[in-house]
């Protein structure tokens, strides 16, 4: 068999478009080629390069769970040339996908532990993949707590799923919006994510904390977790540096001697301590 | 490996035979006041008196801009046309310096360390390298400090060492080299027992690579980066003339319903190279970008890919508009 | 040139909304006949026409370009056309130095009342470009990625 | 040179300036020196080989800092500094300009007017190289010029050394980095390269002072400085300015005159 061209994307059909929040959409993608669909496998935490033909490629995580077969989902915000190109596509149209790339959340190692998910804004998608993965294999884990915050009520993504999670008896769900971001019907918390984490004060005992969000949120959440007794090997996050190739060659996501696209995007805080913080 | 002798007229004959075989031949040509690799048909076109070409031969196996694939949108569907390795012509690189040929190893290490790179490998497979050992060097050259030498045969299929009589010692180093010899077998005669080393330039080792590596291991937070990089303008000249720099960008060339995805050279020295869409830039200052360049070549690559990302060709020092001299900077780091 | 008799020039016209576009409109409503080779792109003002658009037109297959707006002192925005004129002066100088064929760019002032001037402008430009032939020299290089392509065919 | 070193050391030790931007001996020719203490002032040199345009650094806040600083400037750099003043990029209170005049005397300037008065003595002329190349190009037919530049442009690999070396290219985001729309194809290719250089020239209309830094910086020797130089020469009579003598009369493309030439407009 001749050598594969890494840069040649899979062709995907947009099966479903969900408007999540202003400028934020989720696409459900199906492989156009059945053999490719059959052979495709990924794990929670991995990402891909999504193509809008005519505009280019953009990097986002796979937001659906590997336990849900037959499709993948991505959630993105319309911010640049590629994402606006993607956002203008309709159900039934074709886009490209390369992947899966990067490392995975060590879900096998987490069996029998409590899981604490802390997410902010548009960083819920990478975590959604893990959350559904965990919920679909619910018996593998003990308590599951989700703390999710966004700027305003409008900016919360996966609104129907947030409800589904909070309705489940086996999940503790806390949603919050930044002060001033609430509306008249808001019943959740009001406050920045780190503050709410401190308030909810989950136990560090036998718990893994997965933190995803803007750098500023992560920066202020880590000390809170530390105060709650979390050790560095109990805290996980994902990094999102600028990427072009996704396979450790183009040089953009090089941090220290690591490539975020190959050695990440998933890092435990213990691993993060080994690479220079100013470079991510 | 086999060593032969070729006479001056033999070289001419052989060169003509290579051209006649239909292979594309690139050799250093002096034009516009610069010596650079260009397609040539006659040996007389090849430049003589020069120390180094301005650009490396990197472009022959990693073009400045290359089509990764092309696409066409038809009735809401997309048809892809893959890169065709057969579209790459058989190429012979003539009169390559050993430091350039040695650059293929780090370059391929980057392109193939995990997933393999179909395009790079296609170019590599179709390229034969005839290197000439160096009888001269200048103050920017330092191959001997980075595991190379003026007679280094790494990356070459054939190496010629020119002799005073106009002929050359021919080292045939690979099957590709043998195939080139086979184009004109009669001009290659028995080796005359000349020692190659006698004709190589003497280039003292300027720094100890392991020492540099050990220093760099602890240098991330050093003030040296800011001190050295103050005058750096943040252009990509050093990266683009470098035989091993491989950072690239992927871009779209769209024309209505048709288009192609293009990979083109990029440089870690550019201010916007690492800029996130959010506006956050992990390497905001030139000093951070300069650090990245040096650490990547002399620390990360040896650690990760077991190959140093520098062949000592000195091109970056020669090309830099503000005299960011890599040898000077590395030597000063080694002394720290 | 007789060889060019079959050649139908492709011409792109960048015009301002207030004068020339209205003028071209008048040409039509006046039932004046003129060459059909021109594709009109309407801009708010000549001052808003980026010089690169002219080059992009050539790269994408135009053989000639018309740029037209309000007469001096008639600009809807007071001075847009004066700024544009300065830009064109500089642009012509740069293009001429680079060897771009500036005969293929025709600048004009056509007011909303000058329906017949627009027809003449288009007809004359088409005739000029027809005489010059296709701008293959420029279009040829538009797709080249590597210089080898350029050298081999040159 | 001795006077320059002494003065620089004095300025630094007395705390008048926090930085003297000057030249030191480099490995092949003089190079920029960021002199931040009086000891380093010993390294300063200033002679006819010092051609790098240091004005390129003086708009970079991360380099020059918030304090007052001095810059050593030959005539070409002085012209750039004047243009930067015209464009409101410099603060007279923060800048001290040092130069050595034809008699070897050290001169100090603190204002635009002082520099302008000094620079007015020097007419901007084509050097030997520019004269030779430009008359060669001017003697070509249009088709020859196109071939000449396409050949030159085909060598460009878009390292943007021209942009980086130019004191007047101080935009934090360049037009080539704009991708909505993608004005200029970002990869190196003959036409994309030419579009870039035409763009650069157009952004220099009435601003370029012909310091030659872009051409000097080009690692592959494309005489790109001639493009902006020729345009400056052509435009000076059109727009009524003296080449190499920036005046605070507004940017050429942001002003206009009723009688700007228009023979080419039908």
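Letters A, B, C and D name the chains as they come in the text, with residue numbers starting at 1 for each one.
The rule is short, and it goes like this: contacts are C-beta pairs under 8 Å (C-beta built on N, C-alpha and C of every residue); 3 or more make two chains touch, one makes a residue touch a chain.
Not measured: the values here are computed from a predicted model.
Of the two interfaces, B-C and A-D, the higher number of touching C-beta pairs belongs to B-C. Centre-to-centre, using mean CA coordinates, chain B is 45 Å away from chain C. One inter-chain figure worth recording: chain A and chain D are separated by 48 Å, centre to centre, where each centre is the mean of the chain's CA atoms. Chain A and chain C have centres, each the mean of its CA atoms, that are 50 Å apart. Distance between chain B and chain D, defined via averaged C-alpha coordinates, is recorded as 32 Å.
Counting partners per residue, chain C has 145-146, 151 as the residues that reach two or more other chains.
Residue positions 80 of chain A are each in touch with at least two other chains. Multi-chain contact residues of chain B (touching two or more other chains) are listed as 64-65, 249, 251-252, 262.
Chain pairs that touch one another are A-B, A-D, B-C, B-D, C-D.
Of all residues in chain B, those touching chain C in their complex are 39, 63-67, 255, 262. The part of chain A that touches chain D in the complex is made up of residues 80-81, 84. Touching chain B in their complex are the following residues of chain C: 60, 145-146, 148, 151.
Interface residues of chain D facing chain B in the complex, by the touch rule stated above, are 26-29, 31-34, 52, 56-57, 62-63, 152, 155, 157-161, 163-165, 172-173, 177, 182, 185-189, 213, 216-217, 219-221.
Residues of chain D touching chain C in their complex: 137, 140, 142-151, 154-155, 183-184, 187, 189-191, 194-195, 197-199, 201-202, 205-206, 226-227, 230-231, 234-235, 238-239, 252-258, 260-262, 264-266.
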